[in-house]
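For reference, the structure I am asking about is given below.
So that you can tell them apart, the chains are marked A, B and C in the order they are listed, and the count of residues begins at 1 in each.
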């Protein structure tokens, strides 16, 4: 019995690390631009496919993961340059930006389906080393994953409070017009946010691809989970999204135990709906009462 | 020739979906992504009534339409209080949640396997089993619904809908309480989508969650945006455009899977171009900001 | 002259010790007044005196910090604007708001239709009742168009009108709408003598059509409202004083 709980705990920890980093990735873009970045699934998918295809050649794991992160960052910047910038320049409302991000996601996942097929792609060389703690099997990938996630979080935690980037992003999220009125230029900050977000998403994608395989339609669900975790966390760039990811993970685990694991996929969607309906009018909408909705 | 009838049938069903969605997108100005919820609801209700409860076709049709319409009630109530991107997101959340429910409520919906052997169209002893018969019957449904909606939006109701869409505060200041109308219009749009669902179910005799996946709902929105939201023929033009596309690719000998993927790519592209360039569509329609 | 001594008649609007702060400014300070059925009340105050805030409060746009507001005896705080619409509260704004993209004719038509917003089914299927309603409505709009001298421009878009014409159209929209309370913010400001006279006529005709209807005019000085007035209040820096 206790091994079942430990197994659940282990799975929860690994899954939770994934969600936490994705939530961070979403948060950086969301707070700096108020852009509901559903297209974060794209760097995620990019990192996953990159990792899977590189795993066949004899590339050392850290280089593999770095390359996946770089792919993610690159894709994210492309999305910024080709989609977000033009749409923002034409003063689109938030709903149109959301539609644009959804469009980007479908465009890219469609391309991925054409290029790689609709079936789940697995990494060709499955990493078999694993530890056995009693009856719980912990694979090397699991360990590497949690370790990387921890390192990322620790680095962010050390750098962030003192970082000018973090505080500037939060200032932007508070009131972007005021930010510009004070003479600050938001563009490099947004650029940095997109790069970081893409890198983190690519990293997550790489690990998810190596662990569970990837198919072109996995990007939307994780984007929504990440968005829920970020929103629950409020206006924060580190602890908020992580707390949100933790809460979402707990709710999902509880749902799996109480009902069955079939229903765990619906938890993020139900949470998103509840968040939108329960929140005050301004939860998702104009950041400032006088801004355009 | 049968292929032509198949196209007509598919056009009729897509057309019904497009004009019903246009009521919400073009005339109420809401970017709704959950039209498939009403479509699927109608289809499953019809399928259940005719396969499990063995009800006659007309009754199943009625049930499908009503269930589709009723599904709009929670959505309309929820969306009434929302503004901006919250509307789009909430509708997306409704859609994704509903698809999960279809997949998981296995006793009702057959889960991932879906429902099979749905009986063909028949009014009493008059069976419309042939492709030609179904094509004309479904086209008739489309024409009647289109005419009805045109009449509706051309009347004073259309004025109030546009007032609600473009000048909500002024409308309230002039004593117009349009909450009831909002709900009724939603119900109507959902009921017509439910009708389309019944037609689809009886035509293909098999429904499963894959049919109503996210991309199909988004595709409906693209149809309306492409054709011109709120215009007379816009949604129909959009439906035709998005129907001809995969068919024309099919002629080139591409397989079904690739067609689905290409469809997705085109949908994504249209959405991005639409939000960037904001064209008014083939038939100049309502402009979103 | 209104006699508030008749205590058996319930006031249609009852504002009791209402205060409202907007940022650092005390927009309203312990404001109290009531309006009996059939009265015309003029609220006089300069810019920034708080008179628009009073109208905002009576139409649900603004929630007072403290105090009580009752419309027809029912508590009217923390209600959505649609609730006020349902109770018959109509309002015009200082800068005229019209349905820009609709024709003048359509703007007026909507007013006549508001009382009985046609059912979805009847509007399409067109049974006899709807047809009668439709002809009555179009007659009213046509009459008003003639009175305003706009019959020739009935199909012009409302947004293309001049400032004065828009102001008049806003009043005309209200005048055709059945309701119980008309709250007008500077209704005649910017109108020349002819249009002013028409504007007063429109509002007073509207009021006469319902014996218990209430007209509340917010204006910057006494001379700006030459029409009838049952009582006058002066609002200065958020403090209300009864003049007459």
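FYI, contacts are C-beta pairs under 8 Å (C-beta built on N, C-alpha and C of every residue); 3 or more make two chains touch, one makes a residue touch a chain.
Just so it is clear, the structure is predicted and the values come from calculations on it, not from any experiment.
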Going by the contact rule set out at the top, which chains touch both subunit A and subunit B?
-> none
Taking CA centroids for every chain, report which one is farthest away from subunit A.
-> C
Roughly how many whole angstrom separate the Cα centroids of subunit A and subunit B?
-> 31
CA centre of subunit A versus CA centre of subunit C: separation in Å?
-> 51
Intercentroid distance (Cα basis), subunit C paired with subunit B, Å | 41
On subunit C, where are the residues touching two or more other chains?
-> none
Interface with subunit B, subunit A side, in the complex: residues 36, 83, 86-87, 90, 92-100, 102-111, 113-114, 117-118, 216, 220-221, 224, 262-263, 265-266, 269-270, 272-273, 276-277, 281, 283-286, 292-293
What residues on subunit C touch subunit B, complex-wise?
-> 59, 81-82, 84-86, 88-93, 97-102, 106, 109-111, 113-114, 117-120, 123-124, 134, 137, 173-174, 177-179
Can you check the complex and tell me which residues of subunit B touch subunit A?
-> 31, 33, 78, 81-90, 92-94, 96-97, 100-101, 103-104, 214-215, 218, 257-258, 260-272, 274-278, 288-289
Subunit C contact footprint on subunit B (complex, rising order) = 148, 151-152, 155-157, 159-160, 162-163, 166-167, 169-170, 172-181, 184-185, 188
